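A, B, C and D label the chains in the order they appear, each numbered from 1.
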Amino acid sequence: MILRHTTKEVKERSALTVNPAKTCQPIGAMYAALGVHGCLPHSHGSQGCCSYHRSTLTRHYKEPVMASTSSFTEGSSVFGGQANLLQAIDNIFGIYDPDIIAVHSTCLSETIGDDLGQIVGKAKDDGKIPEGKHVVQASTPSYVGSHVTGYANMVEAFIKYFSFNTNEKIRQVNLLSGWVEPSDMREIKRITEMMNIKSVLFPDTSDVLDTPMTGKYQMYPKGGTTVDEIVSMGNSMKTVAMGEWCSKKAAIMLDNKCKVPFSLTDIPIGLSATDRFVQALSTAGKVSIPDSISEERGRLVDVITDMHQYLYGKRVALWGDPDTLLPLVEFLVDIDMKPVYIVSGTPGKAFEKRMAEVLGEKVPEAKFKNGPQADMFLMHQWIKEEPVDLLIGNTYGKYISRDEGIPFVRMGFPILDRIGHSYFPTVGYSGAIRILEKMLGVLMDRQDATAPEESFELVM
Amino acid sequence: MILRHTTKEVKERSALTVNPAKTCQPIGAMYAALGVHGCLPHSHGSQGCCSYHRSTLTRHYKEPVMASTSSFTEGSSVFGGQANLLQAIDNIFGIYDPDIIAVHSTCLSETIGDDLGQIVGKAKDDGKIPEGKHVVQASTPSYVGSHVTGYANMVEAFIKYFSFNTNEKIRQVNLLSGWVEPSDMREIKRITEMMNIKSVLFPDTSDVLDTPMTGKYQMYPKGGTTVDEIVSMGNSMKTVAMGEWCSKKAAIMLDNKCKVPFSLTDIPIGLSATDRFVQALSTAGKVSIPDSISEERGRLVDVITDMHQYLYGKRVALWGDPDTLLPLVEFLVDIDMKPVYIVSGTPGKAFEKRMAEVLGEKVPEAKFKNGPQADMFLMHQWIKEEPVDLLIGNTYGKYISRDEGIPFVRMGFPILDRIGHSYFPTVGYSGAIRILEKMLGVLMDRQDATAPEESFELVM
Amino acid sequence: MPNKKNYTNGLPDPSELKEEILKKYPRKVAKKRAKAMVVNDPSEGQEIMANVRTIPGIITQRGCTYAGCKGVVLGPTRDIINITHGPIGCGFYSWLTRRNQTKPAEGEDNYMPYAFSTDMQDENIVFGGEQKLKTAIREAFEIFKPSAISIFSTCPVGLIGDDVHAVAREMKAELGINIFGFSCEGYRGVSQSAGHHIANNGIFKHVVGNTDRERTGKFQVNLMGEYNIGGDAFEIERIFEECGITLLSTYSGNSTVESFAYSHTADLNMVMCHRSINYIAEMMEEKYGVPWIKVNFIGAESTAKSLRKLADYFGDDELKAKVEEVIEREMVKVKKVAEEVKPKVEGKLAMMFVGGSRAHHYQDLFNELGIKTVSAGYEFAHRDDYEGREVIPNIKIDADTRNIEDLEVTKDEEHFRDDLVTKKTELEKEGYTFKDYQGMMPEMSKNALVVDDVNHWETEKLIDFYKPDIFCAGIKEKYVVQKYGVPLKQLHSYDYGGPYAAFGGAVNFYKEMERMLATNIWKLVDTPWKHEPEIVGSISIEA
Amino acid sequence: MPNKKNYTNGLPDPSELKEEILKKYPRKVAKKRAKAMVVNDPSEGQEIMANVRTIPGIITQRGCTYAGCKGVVLGPTRDIINITHGPIGCGFYSWLTRRNQTKPAEGEDNYMPYAFSTDMQDENIVFGGEQKLKTAIREAFEIFKPSAISIFSTCPVGLIGDDVHAVAREMKAELGINIFGFSCEGYRGVSQSAGHHIANNGIFKHVVGNTDRERTGKFQVNLMGEYNIGGDAFEIERIFEECGITLLSTYSGNSTVESFAYSHTADLNMVMCHRSINYIAEMMEEKYGVPWIKVNFIGAESTAKSLRKLADYFGDDELKAKVEEVIEREMVKVKKVAEEVKPKVEGKLAMMFVGGSRAHHYQDLFNELGIKTVSAGYEFAHRDDYEGREVIPNIKIDADTRNIEDLEVTKDEEHFRDDLVTKKTELEKEGYTFKDYQGMMPEMSKNALVVDDVNHWETEKLIDFYKPDIFCAGIKEKYVVQKYGVPLKQLHSYDYGGPYAAFGGAVNFYKEMERMLATNIWKLVDTPWKHEPEIVGSISIEA
């Protein structure tokens, strides 16, 4: 037992978080900013923040993750970080030459009250921002929300800074991608192309966090949404925003600032959410859903009906982010699995309401919680009380998996100990087949490993 | 121990095959014929053959696999199967209305000496083949070669029957796909499209053996190479034939019959074979290799270099078909793994020669054998002598995997107990990443399961 | 997906459906198939055409004689090396694909996970394969040291003139173990059924009676025609053991040739799958005087009935009491689950086309849940399996059947159980019936459509007409049927589930029906935009 | 991929490279960085600028004070609940990411796999977080019943005025277990280094000397600055045990606070990572009279040397003999592998930029394989780590350093080891050196480029100039460097390999170098068509 101190008696906690199912805002802001072409994220705080975020993202992607920091010391904390940021902006443009610096704040700079807008304004006034270059800034205090909040704030900041309605409507749809993998971003673009819809996907970390090995390092890889594209989003016909937590803010900003109406859908994970996404695309793009899409859907349904017996009734514990957990849990319910325990450290009242809608009738025994103390320790305690057949979540689940001997599918952030997530999508119908393949793989492996010899099956 | 009678002492055998690493010709002919649009494969033999082949293909694909049979009885075996086949052709066109019937022989009809060409000719003369319909026939005696031979023979038979050089060169390249999965066929088409080359892929089981669930059964799904396409192959500029065992015969037929020159490459599994395939395409299509291809390649190399430590020196046992084993073994050698035991029931001298070329210097300890008695029993005995870290092959490896506790990646035919192979390719650079993901998955799962608690790793 | 129909007030007359099916066929085919399709009327003795050749070109469910002999009957026996003599395919395809479970003790032989083949090559076809077969037998003996080896002939063997029986005799003499062969070439007979018969003959000739054994229990029986798919036999074994009944041998689930050899010392043979095994039961009665009764352990009620019949046979009060106790205890568990499941599945419609007995037996299980069987048929049965054994004398023996040897069996004076013959006579006087299989048709509803050797075209039409909620057949049919949005339950392999036999099996089956019939996954098949109007592109890439 | 260079005849003068690097910088930055880059000349006492602020905007390797305190020093201790007081991020990122292995006995406490945080919310920032911290401590106590709890302050804590030390005192009184806090806010100091110092202070103040313990061995030592990454400490423990040396406590690999509490009863402190732990060694000598020596267990030769120095300290003949026996036996295994590997990797070039000691220690391992270190530097070291401890008196104390408390330590009259002071004096007379760290630069080649706090731009230029065969750094650098086709070995996490310490570790490292340097995978990077001429499309889709 590695987690030897976890017992099944749940004691109510109001202050202590143990084994969190979330992390802090700035890493989300950093990830979002990486999805912009030619952008260097900048962490306005102690250099440890930047180091931690880069390390975590690097471990998840096994790819270079570049970002700079204001390197606060005690002095800056007392006198404010303006001098540090101004110097940083100067150095960054001089040495690393990005097109954009995307500054996010930290708990430190927020606590001391640094006004990023004012500082960036001063940098501009002081001529520290070269012609044609940009500094975007977002307030991302670590003590509010979670990493997802930081992502949403940075996405909103870019829209606020760049998108502009010139009153010339462009026949394109904005896609706010939500916190998904580079592979997922590729897949969303592929689906949209299949629908014959011209779109701008933002942010877009494909070709940024899955770059080829070529013998040459490129600090600003070819991927990422371009400035021109983000600007043009203000002239689009419609926005399809994926994920209430990740994308709603930016969608509202686009609506308010540029009068681009939006439709809010879930991140297209699983069957029903992809159905809704495809329908939202169809409405937004004013196109019929082509047969090729229906065929991909049909292949997914085919796998579901073929493999139903291995999925049916399986009890699942999940942890992660609301925008991915909601459609994923719905998918599990769709295919007769029983998502019985769900935690997310990310707060937001909609979580409980929507989970109740999805689970209420079908899985009345389900326990779910988000926000403070909705952590992996609590989930593990629930599991100790009554076990599950499957775990789905980030790498930290491996301790529970090993201690309890429960099959484990890695999904979410961060995945620190396996590869694949960067390359193979889990969104869309095809992505849902991958989710099925992964779940079936571990469930069937378990069956193969534990079946008595006489009932070891050749055909399954 | 399920295979409790397998011991490490290898006794030379000359007559007994135990746990074969091959099956018989007709199933290959059936699979190839399914890759033609509107075609019903027909087994000219006992109805058991047809039943066995359909069952095996169905279990592998979890999809309808339709084929008819001449339903020999004792009488037909004595008097010849002509009456049965004539009656079958009549019934099939009347009841099931395919565009093409693809007849293959069996050991039974071959032994009694049925001449398929003559019988089909008689059917034609008797007016049993409706206008615009076709009966293609291939001789596929079960006692020669293996399932791979049957595949090659049926592919050749189609070319022989349909392809025609009208002296009007068409600016397209023929692709002879080799025995790969529907997903692989899709991937080969995608790669060729990326290269901007117009091509005909034959056979093509995509959209045949991976059809969507729609609430309606379609006996002849939308996929499969069309008759027009096969006809047009006689006018193509060049043929790229994948796999010596699977595709060489048809390539030669096209060259001899239609004067379409060919280049023979391996099935593009792994890095080097895909390099050669892409280069063959480039030469055949007279196009430069686009950056997008180099980038996919670079992503593969990136994964290789990132994960090298988990692959390096791992001993692997493999079984399967020469055309897939050769490039796969080369890939393992490329990435510093040690493919030490390799068997294939399929005969052919080129196997030994090419394996020796790939393995000779790098893995001098490797044992490999093909043809008679090169079976899974022998391979298992080798493993008993000195174990391996990984097994790669079809589902029958699961018994060895369980008995010996060896991680196991399913590749090849048939895969009876897992899904995924129909949907996610293993060819091309991206397919190679999938192979890496699968191998790494089971190797790392093993590490996670067996590591002492104090060295259980979070980050890998 | 088809809309479901409601047949609570009786089944509709499917005569029009039958006509429609036949319309598609060429005249001769239609004529033949017409006789294989019967609109059932249990009040009349109707005749069905069965056990006749499948018409060439028709997409049938059927397999071959080899499959019936090696795959079905001998396959589940673990302590014998079954060598397939022929090209590699047949041995490969019958390698572990039938889910016959077996449970050897530590150290006991189990050759079932191995495929043995002579892998004939063209030179063997041209010059004969006997030498290769002999060498293969010697190699098998040398490596594995089995106590028995059998040889299964595939199609070319008979044609090229290999005498597997002579080889077997020679090798038996040379190696000193039991070795025997089967002429079960795929083309013999019209289906697997011929293979069953050949297998029965071979086992009876070469194994049964080879060893005697001291009585080890008060009530010694054999269970026949039970192949331990998914552990069915284990569940029946459990019940027998709890009732104090000694199971000498099962033909052939979880079996050994060792146990076949002394199975003639049983007091009674119980026959589950009538089609595949009645030959041995018959021969054993002739030779040893052991009577047989038909039983059915599929369905909780049927299991109870069969157990009671067994107890009645022995007439022992203690046994009867024990049987009642077991039934009562088990039925509590069964009823609990049935009560939970039945409301969710009652009134659903089933079809089943499979085997030589399951298409009949499983109707009992469905009945227990209130699920109606609207159409059924066998894949390889004979008329008696449909109409009951009383028609046997009237069955015309055609050429295909004549090709299968009918063993001439004579009384074994030393071992013949006159006591059992006496017992049988007495019991019969009291109305106890032996060898009394009634067949499927008398037990099916009026207007149910009974179809022998159903084929693909008929399957399509049946689904279209009845819109069944569940279809039972085999792997080849499974995904065809499911594409229509109709779940298919494999009754050969149980879809890798089970056991479904006896009481525990009934519970499993009820739960499986809940899974298959109370799910919403089939509602996912239609796209939500199926009925939406087409939109003309606006924000398209080309625009 | 860069072409490799050959430096067998000495390293080239990198002055031009340095100029080129500096050219890119704004003037003030260039001026500062110039002092942090030294073209090494081991014959002179050169000065390097170190332990100064990283310039804002520069992409540095460095982390923060919290990382040094909680992550590095306290993280590896298993029997204490380490609560991060702050927003969730810091606790999350330091959760199990440093590979400090630990091996509790059955039933012993191990809180390392848990992340504890007060997860501060905005109301805690506005109204203060002390109450929440108290509640969190009570909850932790109630659920886990630990014997000690510590509190780690993150950035906002100091700013909003939470007094974690007062909270600790209050809770300690309330709960009756050892509770103490660290003011290790991320912004204190200029790197992790400040955190080490703060951690040293806290442990010394709150733990060391808390319990006495009877002597359990003849030779009692502590090992300091060894964090059991990848099991290094286990390997050293094994060697000590075989030599008969009693390891009281390791700071802090595979450690417990329980062992820190009696660690003052040791006869000697051995310091591995000078940077992170010398404070405790110093303070322990002042308070308890326990002397310390610098050791290095990275590299087989260094290990042998360190063991001999240890034996010489105790001066015991039996111990000396035992140490020689162990060295001899282990070196046989080490040399065997070295001989296999060396020919394959000899002459390769390495660079390393990491830590406060590894960039120095690992040069020994590389030297044993004939691999030359062309450039190196530390991430968070001080001048003494480069130039040797003799420069300490000359180091200018700047404001950032002054912010870190220097504990005032006084002699503990009761426990002070006068015997050890005497021993030390005697040994010193014989030429034995204590506290004698020489630093990295004197041991590096002439013209090697030494760079403190190397950054991304410099990394790029270094690679371009030297074309190294292997680059050692951390996770943030790994994939950047590898994109150049240069393999990177992480020397923080060992890339999830190891142990690399002592003799067994050397064997592992040699083999790892064989894997990394003798492979052909880097030759796969270039496409085979890289140098082919462009072809103009012919059979294209559009055509």
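Note that in this section a contact is a pair of C-beta atoms (placed from the backbone, for glycine too) under 8 Å apart; a residue touches a chain by one contact, two chains touch by 3 or more.
What you see is a predicted model, and the numbers here were worked out from it, not measured in a lab.
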Pair exhibiting more inter-chain C-beta contacts, B-D or A-D: A-D
Distance from chain B to chain A - Cα centre to Cα centre, in angstrom: 39
Length of the line joining the C-alpha centres of chain A and chain C, rounded to whole Å: 54
Between chain A and chain D, centroid-to-centroid distance (C-alpha), Å: 33
Chain D, residues touching no fewer than two other chains: 96-97, 479, 482, 525
Residues of chain A whose C-beta touches two or more other chains: 2, 59, 62-63, 211, 213-214, 294, 297-298, 301, 304-306, 396, 399, 453, 457-460
Arrangement of touching chains [line / ring / star / complete / other]: other
Pairs of chains in contact (touch as defined earlier), listed by label: A-B, A-C, A-D, B-C, B-D
Touching residues (chain side chain B, partner chain D) in the complex: 171-173, 193, 196-198, 237-238, 271, 275, 278-279, 282, 284-289, 294, 297-298, 301, 304-306, 308-309, 312-313, 334-336, 453-455, 457-460
Chain A partner contacts - residues on chain C that touch it in the complex: 96-97, 99, 101-103, 230-231, 234, 479, 482, 487, 493, 495-497, 512, 515-516, 519-522, 524-525, 527-529, 534-543
Residues of chain A touching chain D in the complex: 2-5, 11, 13-20, 22-27, 42, 45-49, 51-56, 58-59, 62-77, 84-85, 87-92, 94-96, 106-108, 110-112, 141-144, 146, 211, 213-218, 345, 372-373, 377, 396, 399
In the complex, chain D residues that touch chain A: 1, 24-26, 29, 53-67, 83, 86-97, 104, 109-111, 113-122, 124-125, 132-137, 139-140, 142-144, 154-156, 158-160, 185-191, 399-400, 403, 456-457, 460, 474-476, 478-485, 525-526
Partner chain A, residues of chain B touching it in the complex: 1-2, 59, 62-63, 207, 210-214, 294-299, 301-307, 395-396, 398-399, 402, 416-420, 423-424, 430, 433-434, 436-437, 440-441, 444, 448-449, 453, 456-460
